[in-house]
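Shared chain: chain A. Partners: chain B in the first complex, chain C in the second.
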Partner chain A sequence: MIAEAGHFALVLALALALIQSVVPLWGARRNDNVLMSTADGTAIGQLAFVSLAFGALTAAYVSSDFSVVNVVDNSHSAKPLIYKISGVWGNHEGSMLLWVLILVLVGAAVSLFGGNLPRTLKANVLAVQAWIATAFLLFLLIASNPFARVDPAPFEGKDLNPLLQDPGLAIHPPLLYVGYVGFSVAFSFAVAALIEGRIDAAWARWVRPWTLTAWLFLTLGIAMGSYWAYYELGWGGFWFWDPVENASLMPWLAGTALLHSALVMEKREALKVWTVLLAILTFSLSLLGTFLVRSGVLTSVHAFAVDPMRGLFILIILAVFVGGSLALFALRARDLKQGGLFAPVSREGALVLNNLLLTAATATVLVGTLYPLALEALNGNKISVGAPYFNATFGPLAVALLCAVPFGPLLAWKRGDLVWAVQRLWIAAGLAALAAAAAAFMAGQGSVLAAPVAGLAIFVIVGSFAELVERTALFRVPLGNSLRRASGLPRSAWGGALAHAGLGVALLGIVAATAWSEEHIDMVGKGKPIEIAGRSLTLDDIFLREAPNHQDVVARFAVRKDGLVQTMMEPAKRTFRTRQMTTTEAALATFGFSQLYVSLGEVAPDGSAVAVRAQWKPLVLLIWLGPVLMAFGGMLSLTDRRYRVGAPRPARRAAVAVPAE
Partner chain B sequence: MIVRAALLAILLFIAGPALAMDPGEQLPDATQEAKAEALFSELRCMVCQNQSILDSDAPLAKDLRILVRERVAAGDSPDAIKDFLVARYGDFVLLKPRLNEQTALLWAVPVLVLVIGGFAVVLNFRRRNAVADQTLSEDEKRRLEALKANDAG
Partner chain C sequence: MTRKGRRLVLIGVAGVVLAIAMGLVLSALNDTIVFFTGPTQVVEHPPAPGTRLRLGGLVAEGSVLREGANVRFGVTDGSKAVTVNYTGLLPDLFREKQGVVVEGTLAADGTFKADSVLAKHDESYMPKEVADALKANGTWKGPGS
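Up next is the complex of A and B:
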């Protein structure tokens, strides 16, 4: 009964979405307030009904209702409650339902918080938002109904894929989806602006907070996914250039470009056409990501769906939205007037360079991801495009961009002074050189590139704060004055600096953990320690541990430094009863920002020894601390005064009364 | 005792994931081993999902690692080893595709986007500055002079 109620709620949500797709648009054309304001009711209604559907599916999971196919396929009565709940989106249908839930949530938020938007713009934005909702609700109802029943109902479910039985599943997809779907707002604003044929700085001011919100969630989602893969997959890699990861990286790169170009538009009314195009492209890449992951075109852990009908359906959605919006862009872009002029060396110029490099990086990831698919479809030849390709292409682009990062904020709008900016950065450059030299000296071995890249990371971290140092006149006026100036700075200045520094922090972590890691692989019995990173790792015991739905073979190790036990580590091999699948549960011990990573291999037949892979990952936590800093910076910018007080309403051009003659 | 026996039974039963690299696989010569490991990260484990043979714990990856190590120990160059593997398994084995007519576009795109994008930016600058720098027409000059004269007078 509950499942049917959920199913019906989806149908009602679709009906509301259909109304919202047409009526507000019509109202905006006729400038009819009543028609336009229907969108508010339907947006909230959609949220209510999709929430109801989501609640119904969650109830089915929590109560282990095995008459629902989706629950049978992905749950088990002995599964811990948290995985019963997160299991709701640990499968194709459920995750699409989550996607739609977030979409309508975002739509309702535009309706609730968009009070200061011009009425026609708001109506058009909500209409476009409803087009997307309609498409995906149709997809749910026609091609991936999460509420399908099975008769007779089995006594027990097939359990969730063991790799997904992890707290990571509870957090990673929702974060990622808020990011993906959040970009739909920028898309809807862009399409609405093209429909109206009008766009101004206020538009950018409305779009920026939405884009920033989506971006910061996507940043956290990607970082979270990376950390999850790092500890769950059991060999300590943190980024694999897997197509599924690339699918989330592309909208992130394009979204980052969009954030920066929208800044130019907000401040200087320049780059209008480009910003609109980027808004369209960013969400298109989100849709492409959804298609790649959901259609099963790529086979990997994430692709639960292996159903051509679904793939085709999403492909049609993709084609309609991307093709339609780009066609609209081609038709109407000429109507958008270009704004402020600027010299090549200026803040605007720096942001253009940022956009150029980010676009090239996005294109690289896109072509690297799709090329093998395209080639195989074209002539049947199979090639692989893996990490070494991306290191060789994406790597230099990223390095070029990072070199430029500290300069941007130091250049003035309209016309900047590069020499002046360089002078402001000499301390950062000096520290970077010092760090590179120290790294080269201490590390000795390892890649030749590692030391300069570590230097670059320091340059970005220190250089990101150069603008703040300048604006607070630090070291030039008494400290008290500087502090007063610092507290008077807009929060977006702090946010920007932190986000840029976060890039450097992440880079430092990547370099340290890849170039200067230590690894020991050995068959270990009791009393034969592994020496690693100045510590010794001794096998203490091998034993069995029971849990409701799995059984672990655990090897307990003592980590000693100078003879003293620092911590115990318990890597395990976990066998899940229902699926009879074994996973490697690595053990991680944290020392500062560095980690010791221990995973198990074969156990000797008599149970006295075990194969161990122990890895020392220096500064590895910085890889994820960097994105957290970036997201925090984004959050800080979001609370900036200019967004809190609300954008000023643009003066409506009063209709000039033409005297009758 | 019962626990011990049960443990043993379980341990023997598990044939699950081994380590990505087993103890004793490594070559005794450190420089040769480093050379081999550098190659591992460029070779795909063909039965895995987007893993190199360095990262994979699949039996095939292990066989390939042993094969590559043998070749390295025999003194083959990295390129010769790759040639050998491509002849055996096809281009699919290389994670970094070689530049040929099939992959030209793949390798060209990053550069092309930069060049075309850069070109578009420069062109846009020049066009807009040309618009901005437009000098006054003869007619406008005359009117300006007239205004100035009026002001002075």
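Up next is the complex of A and C:
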């Protein structure tokens, strides 16, 4: 019964979405308040019904209801409760349901927190939001019903893919989806603005918090996915330029550009047309990502769906939304008046450069991701585009962007002074040169490029705070005065500086862990130590360890420095009973920001020795600390009261003006 | 500067950035893409030594030999086989008679020096590339045969 209730709730949500697709739009045309306000009820109603459906599927998973196909295929009664719950979205149908749930959640949030929007704009935005919901609810009901039954019901399920049985999976997809789907709001605002043919600085002020929220969740989601791959796949790599990773990176790059161009639009009323186009492109790339992952066109671990009907359906959704919105853009863009002149060297100019580099970088990733697919479709040639391509294209653009990052905030609006900005950055540049020299001296060999890139990372980290140093007059006035000034600065100034610094922190981690890592691979028996990074690693024992749904072959190692045992490490080979599938469970030992990473290969037939890969990853944790800093900076900016200026009732709305999802 | 002049600067800078990006993409697509082949193609039409390749097929039965950090195995499509040398750990799903994709270069003696070995993570899922190579050779035993 519960499954049927869930299915029925989805149908009701679809009916509401259909109403919301048409009625508010009509109301906005006729300026009819009653028709426009129906959108509020239907938005909340959709959220209620989709939540009900999601709850129903979760209940089926928790109670191991093996009469539901989806539960049979992806669950097992002996699975720990947390993986029964996260298993709800660890499969195609369930993850699409989560996608739709977040979509309607965002729609309801616009309805609830959008009280200060002009009525017609709000009605149009909610209508566009409902178009997206309609498309994806149809997709769920027609091509990916999560509530399909099986008769007769089997006694036991087939278990979840062991790689997905990990706490990382419990949080990675929801974070990523809030990011992906959150950009739908920017898209809906852009399409609504095109429908109305009117756009102003206030539009950017409304769009920015939504975009920022989506962006910070996407940042955390990508970082989480990268860390998950790092420790779970057992290779010690953190980014593989896998098409699925690129699918999340492209909306992130475009979304980052959108954040910055919306800033120009809000402050200076310039770049209107461009901002609208970016909003459309960002969500289009999110849809493209959904298509790439969900259609199974890629040969990749993430593509659990191998069903052409689904692929075609999402491709049609993609074509209709991208094509439709771009056509609307072509028709109406010239109605949007341009304003706000600026000199090439100015804050606006710097942000334009940021946008150019980010979109060019997005384009190179797009080409690298789609080129193999296009080539195979055209002439059947199979090629792979891997890290060398992306290093050669994305790399230089990213370096150029990072060099420019510290300059941007130091340039004034309208007309900036580059010489003055350079003078403010000489300390950062000096520290960067020192760091590069030190890195080159200490590392000795390794990549020639590594030392300058490490210097660039330091330049970005230190340079990001140059604006704050300037605004607090640090070292020029007594420290107390500076502190008082610092506390008076808007939080978005701190947020921006932290987010930029996070970029440098991540870069430092990437270059250190890539260029200065050590690796030892060997067949190891007892009493034959591996020497790595000034430590020695000796095999202590090989033994079996039992758990309810898997069995581990564990190799215990002692890590010694100067003869003293620092820590024990227990990498393992884990075999899951139901699927008879083996995974590598790497062992990680953390020393400061650096990690020792040990994974096992095959065990010798007599059990006396085991193939081991030991890797030393200097500063590797910075790779993920950087994005956390960026997201924290984003959060800090979201709480800035300047985002709330322009709201008609700032005092009362203060607590809720920030979207809460 | 006039409005027109400023716009020209903007368009100029945009053009330069786009041209650089395009140049990077085109040169990278020339140098860095890797073609996928099967054992038969490698044996019958060997590419120039040093060319990067992706080789797909099944791990030949009884061919896996480990010496310390090095491992040697054969990749076959049923008719021809290529010997692969690899330094490192084999992936969890690496088995004899299972699908595998290796990436690396062909040595002058006709053996393959791999720097990465991929076995797909879902065992019911044969890499599409391998499946096509096997189908072309008539040794495909999966669905759709």
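Methods note: the second predicted complex is superposed on the first by the 643 of 661 C-alpha atoms of A that agree within 3 Å, B and C clash if a C-alpha of one lies under 4 Å from a C-alpha of the other, contacts with A are read in each partner's own complex, and residues count from 1 in each chain.
Rule of thumb we're sticking to: contacts are C-beta pairs under 8 Å (C-beta built on N, C-alpha and C of every residue); 3 or more make two chains touch, one makes a residue touch a chain.
As the structure is a computational prediction, the values presented were derived from the model and not from experiment.
Trainee: Taking the superposition as given, does A:A611 touch the first partner, chain B, the second, chain C, both, or neither?
Mentor: So A:A611 meets both chain B and chain C here.
Trainee: For A:L163 in the superposed arrangement: first (chain B), second (chain C), both or neither?
Mentor: second
Trainee: Based on the superposed arrangement, let me know which partner A:V367 touches: chain B (first), chain C (second), both, or neither?
Mentor: both
Trainee: Could you let me know whether more residues of chain A are touched by chain B or by chain C?
Mentor: For chain A, the partner with the higher number of touched residues is B.
Trainee: With the two structures laid over each other on chain A, which partner does A:D242 touch: chain B (first), chain C (second), both, or neither?
Mentor: Only chain B is touched by A:D242; chain C is not.
Trainee: Using the touch definition from the top, say if A:I383 reaches chain B (first), chain C (second), both or neither.
Mentor: In the superposition, A:I383 touches chain B and chain C alike.
Trainee: After superposition on the shared chain, which partner residues are touched by A:G324: those of chain B (first), chain C (second), both, or neither?
Mentor: neither
Trainee: In the overlaid three-chain picture, which partner chain does A:T582 touch, first (chain B) or second (chain C), both, or neither?
Mentor: Both: A:T582 reaches chain B and chain C.
Trainee: By the touch definition above, which chain A residues appear in both interfaces, chain B in one complex and chain C in the other?
Mentor: Correct list for chain A: 234, 299, 301, 341, 344, 352, 356-357, 360-361, 363-364, 367-368, 371, 381-386, 388-389, 392-393, 397, 521-523, 573, 581-584, 599-602, 611-613.
Trainee: Sort out for me which residues of chain C touch chain A in the complex.
Mentor: 1, 3, 6, 9-10, 13-14, 17-18, 20-21, 24-25, 27-29, 31-36, 54, 66, 68-69, 87-90, 92-93, 103, 120-123, 125, 127-129, 132
Trainee: Could you please specify the touching residues of chain A with respect to chain C in the complex?
Mentor: It is residues 161, 163, 234, 299, 301, 304, 306, 341-344, 352-353, 356-357, 360-361, 363-364, 367-368, 371-372, 381-386, 388-389, 392-393, 396-397, 521-523, 573, 579, 581-584, 599-602, 611-613 of chain A that touch chain C.
Trainee: Give the list of chain A residues in touch with chain B in this complex.
Mentor: It comes out as residues 234-235, 237, 240-243, 299-301, 338, 341, 344, 352, 356-357, 359-361, 363-364, 367-368, 371, 375, 379, 381-389, 392-394, 397, 521-523, 542-544, 551, 553, 573, 575, 581-584, 599-603, 605-607, 611-613.
Trainee: Could you please specify the touching residues of chain B with respect to chain A in the complex?
Mentor: Listed in rising order, the residues of chain B that touch chain A are 3-4, 6-8, 10-12, 14, 16-26, 41-42, 44, 49-52, 55, 57, 90-97, 102-103, 105-107, 109-110, 113-114, 117-118, 121, 125, 128-129, 132.
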